[in-house]
């Protein structure tokens, strides 16, 4: 066990898998220089330019070439640098990667990992701060991973690289400096299993990715005020751990979903809807979501702060929920 | 480059392939009109020379990517006929289990990595396939078919730059039939054309009369030899003519009266037939080739029509391993 | 009042607005030939090649050029031919059009209408059948219109063309032949007002776009069986008529949301979640969604039919809901 | 093309503009290091000759689009200084009310249609702006600035083909500093280069030493004249060098030791200064221009620092008219 940052944990996981399987390689802008965040530091030196390919600024082709390379049996890690640029490669991702196995009746399994550092980070404004993970839960054919800790990032990345499914891996860029323990030999973490952040009885808080530390802090504050929250980090949104959430809400009868993404159309709606469909409204005393308002991410700190969720807003939302 | 006999055999092979493509598509058109084939159907009647001439130079382990008009490419690459016809009919025995149809014809067992419903969609896939093959130590090459309409989409620039940059063994084949859907190529394409665009992206290009299957074969042979020699990507610009409409239901009525008639005289099967006759091949022999193709295709149509529909229960299969949903039909 | 098809209603609405305002023009593939569905028939002859621009197959630029033209004061109708091709223009739509007004602090209003015929249509398979309208409710800065009748298509298209907001207009391609009355002078229909399809007391059915005829048929069947459904066609998903839906569910206490899109991550989740958040779970007896399973759209008729919602499935879902 | 006196005045104008851009960006760099400016900051130190030389030929009603490195383009087009500096500082008085920052600098009042956080994002916007202006009967032209990295993205091909097709008055300016982020242009760009790509797309191109502001001015003057004459789009390929890193926090340490030093000797302000001195302009006069620019910018920095932050309540404004959400801050 070593204490490493989240981005280093991701680096170690990819390193382990590239050492294990020569079919795994990485392509993307500046990856031969270690990647924008150092997540591939030293890879060029160890694996050479055929397996660590710095590419032109050609997102469509970075994504589409990754697919083509998967169709002949390699297992590419497609590095998209910053999530927002995936908008330049949506045909390749949504029309091709997600559908090719189905359209071709199972003749091919596009075993790619698409890495997309996402989220609000250092006042980068509207075109570099988006969190649209919910979109991809709506797209059949893909797995959606949204880790929030070094250990989960490492374990889920190992699973992603070993999976025959296309895995959309949302690196939480704002949490890259976060430190935590990572095992020498990183074991895969199965998709669809939530991590219980804290055991509680008064309300269930469901969250993922960059919102996880906010919920941790809020849960601690609530605990100090005598409120015990049952907090779950989903870790993957498709598949997602519906059983764990349903079981928790059955006990607490109160559900709060917290995510950094815009509330409207966010995955919080799916979580809330499924719980109500599954348990019936009668089993739930109160349910709510906390996310960003339906507004683009602004540049100026006071504006960004006004919109983005934080621990205080989580506490307020939880206390409002408890009054219902 | 080949001795007379070999050459004769090659020409006959080209002829046979073109006849099979023509017969397949005319049979499919009839079946579509008869309501036997659902969905959109794009045929390449008149363009067979390109698929036949190029694919004659490919090995079984070479790969191809195609576009929405991919029947000819698939057949020329050796795709299984029954699986193709059944796919068009949406039957369980189709290569894609009835999930793809004409626009998503694929037969990975012969290196046909798929038609594509998105114009230029096959270009990045082709360059990536070549990159992956290299990484695996394969000597196979990749051939990427697309139309003149695709050269105005971004992936054309990105894919060619990419292939040239990494010196990937990709043969780009621009099947230039002068039209994109209902719009003439010249009305939407600026500059000197696809060959110049390729050269400007570092991809040497050759232009050829796509209706002369033998000429396509020779040009492709040269380019493929260069590719296999490690020279990097090449582009073949093949001019041709689409005798039918954009889809099976499009009369392409906007074309001038005489235009199509004039084009008929230049269509690749007639032309190769004339050459073979001139070279002393008996008309009977050629009629036989054509007749066999037609017989083969009507049989395939009959078989497909008789073939079972997919069990609705398989609709939920082939989505993904983790998080697959199940349902009842 | 004239009886016309839905696609003709759309043509008449665009025609009226292009006659009214010389700043309105249309660009897209084959529009000078009347468009793929005849929705611009005769426009070239009347307005000429400067206002009816057939373009290359360059989706990114069709979308981005429309934006640029709006920034200098014209009001483009951006025709995308088939929704799925919008995947080739997502940067221009999501990173540019939707955000430019906000990023620039209100200096510009990108008054574009993006027309995207969407949905399952004639066994066109996975790349020509998608319904991803829910995605855009998650994107701040845009209006999302999903009409289902000739009159609503005409009235909402008039509003879309006159709006200073970017309006994502989802033409329901499978309903193009549907006939209905359209006024000589087409009046704008305000965004965010639902249309009550049928008055009822036993359950509320909320729907839009291609699912509307299914719900009409199902509601009739249910009526014949003595079940009275209160059916609402939202017509626009952002803004959407939350008040009308909430008021209806308050009366019926039962909510069924029906859409053609995949259920997971669809806008049905948002409708259900909002209703529960707003009224409280206690005000709801039962709630459910009906959409496609999380599977790409297959080609073969028996497979497509197995997955896509239809009147019979709506009836079954409604009856199951009434038993809860 | 212009008489001596005019020419002298032009050169002095170029010098003044470059000095203002340099001073603005060096001031911004210092402010960023001091923690006064949040978010990413991309400066164009060493590239000022391109913005200055091109924009000197634009009218107030002409439009420009820019990329992530847009301070110089904006200043050269006449963007309000206070509004720019305040925008970088995220203050209420910024052109974008503090919502955009450096990467989204825009001043529509002078035809600056915006920087862009997406590489090549400004290209389709520029061609559309030109098409819209024509429809409105305007004689204004559009100038589109982008870097060498943008020529490997699809919109480059699509936008140039489009502009050539409709003969739109767009001046494409490729600011070629030989690097994209941390990767050298030649390592990701195949073929003969941007000018050849443009020509292959039907857009005549001219190459110029971008560090020679006067040469840029002359080339731009010729091309702009052609554009105004209705000749259709043109591309100007300006080679230059980015003396600083990709962002304010990037040391660009990967560059060879001597490289940057050698480049300093070729930077555009020094070069124009040498020429002006040779032409007899007094050093004091030039020092004054530079000093004024520095004074102006430090004042702007001080003003921005003292300027009020935006009221959090405005965070909910400027989203849309229909369906706007409200909130409390």
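Here the chain labels run A, B, C and D in written order, and each chain numbers its own residues starting at 1.
Here is the rule we go by: contacts are C-beta pairs under 8 Å (C-beta built on N, C-alpha and C of every residue); 3 or more make two chains touch, one makes a residue touch a chain.
Predicted model only: the values in this text are computed from it and were never measured.
S.K.: Farthest chain from chain B, going by the mean of C-alpha atoms per chain?
M.R.: The chain lying farthest from chain B is D.
S.K.: Quick check: more C-beta contact pairs in A-B or B-C?
M.R.: Between A-B and B-C, the larger count of C-beta pairs in contact belongs to A-B.
S.K.: Distance between chain C and chain D based on Cα centroids, please, to the nearest Å.
M.R.: 40
S.K.: If you average the CA atoms of chain A and of chain D, how far apart do the two points sit, in angstrom?
M.R.: Each chain's C-alpha centroid was found; their separation is 36 Å.
S.K.: Where in chain C do residues touch at least two different other chains?
M.R.: Chain C, residues with two or more chain partners: 55-56, 58, 60, 84-85, 87-88, 91, 95, 102-103, 125-127, 140-141, 238, 294-296, 298.
S.K.: Any chance you could list the residues of chain B touching two or more other chains?
M.R.: 94, 96, 98-100, 104, 116-118, 152-155, 158, 161-162, 165, 188-189, 319, 323 - these are the residues of chain B that touch more than one other chain.
S.K.: In their shared complex, at which residues does chain B touch chain A?
M.R.: 63, 65, 94-100, 104, 106-108, 113-114, 116-118, 121, 123-136, 138, 154-155, 158-159, 161-162, 165-166, 317-323
S.K.: Which bits of chain B are touching chain C when the two form their complex?
M.R.: Interface residues on chain B, with respect to chain C: 38-40, 90-91, 94, 96, 98-101, 103-104, 116-120, 149-150, 152-154, 180-183, 187-189, 254, 309-310, 312-316, 319, 323, 325, 327, 329.
S.K.: If you look only at chain A, which of its residues touch chain B in the complex?
M.R.: 23, 25, 27, 50-51, 53, 55-56, 58, 60-61, 63-74, 76, 91-92, 95-96, 100-109, 140-143, 163-166, 191-192, 238-239
S.K.: List the residues on chain A that touch chain C in their complex, please.
M.R.: By the definition above, chain A touches chain C via 84-85, 87-88, 90-91, 93-95, 98-99, 102-103, 125-127, 132, 134-135, 137-141, 238, 261-262, 264-270, 272-274, 276-277, 280-282, 284-289, 294-296, 298, 324.
S.K.: With touch defined as at the start, can you tell me which chain A residues reach chain D in the complex?
M.R.: Answer in residue numbers: 29-30, 33, 36, 54-60, 84-85, 87-88, 122-128, 293-296, 298-307.
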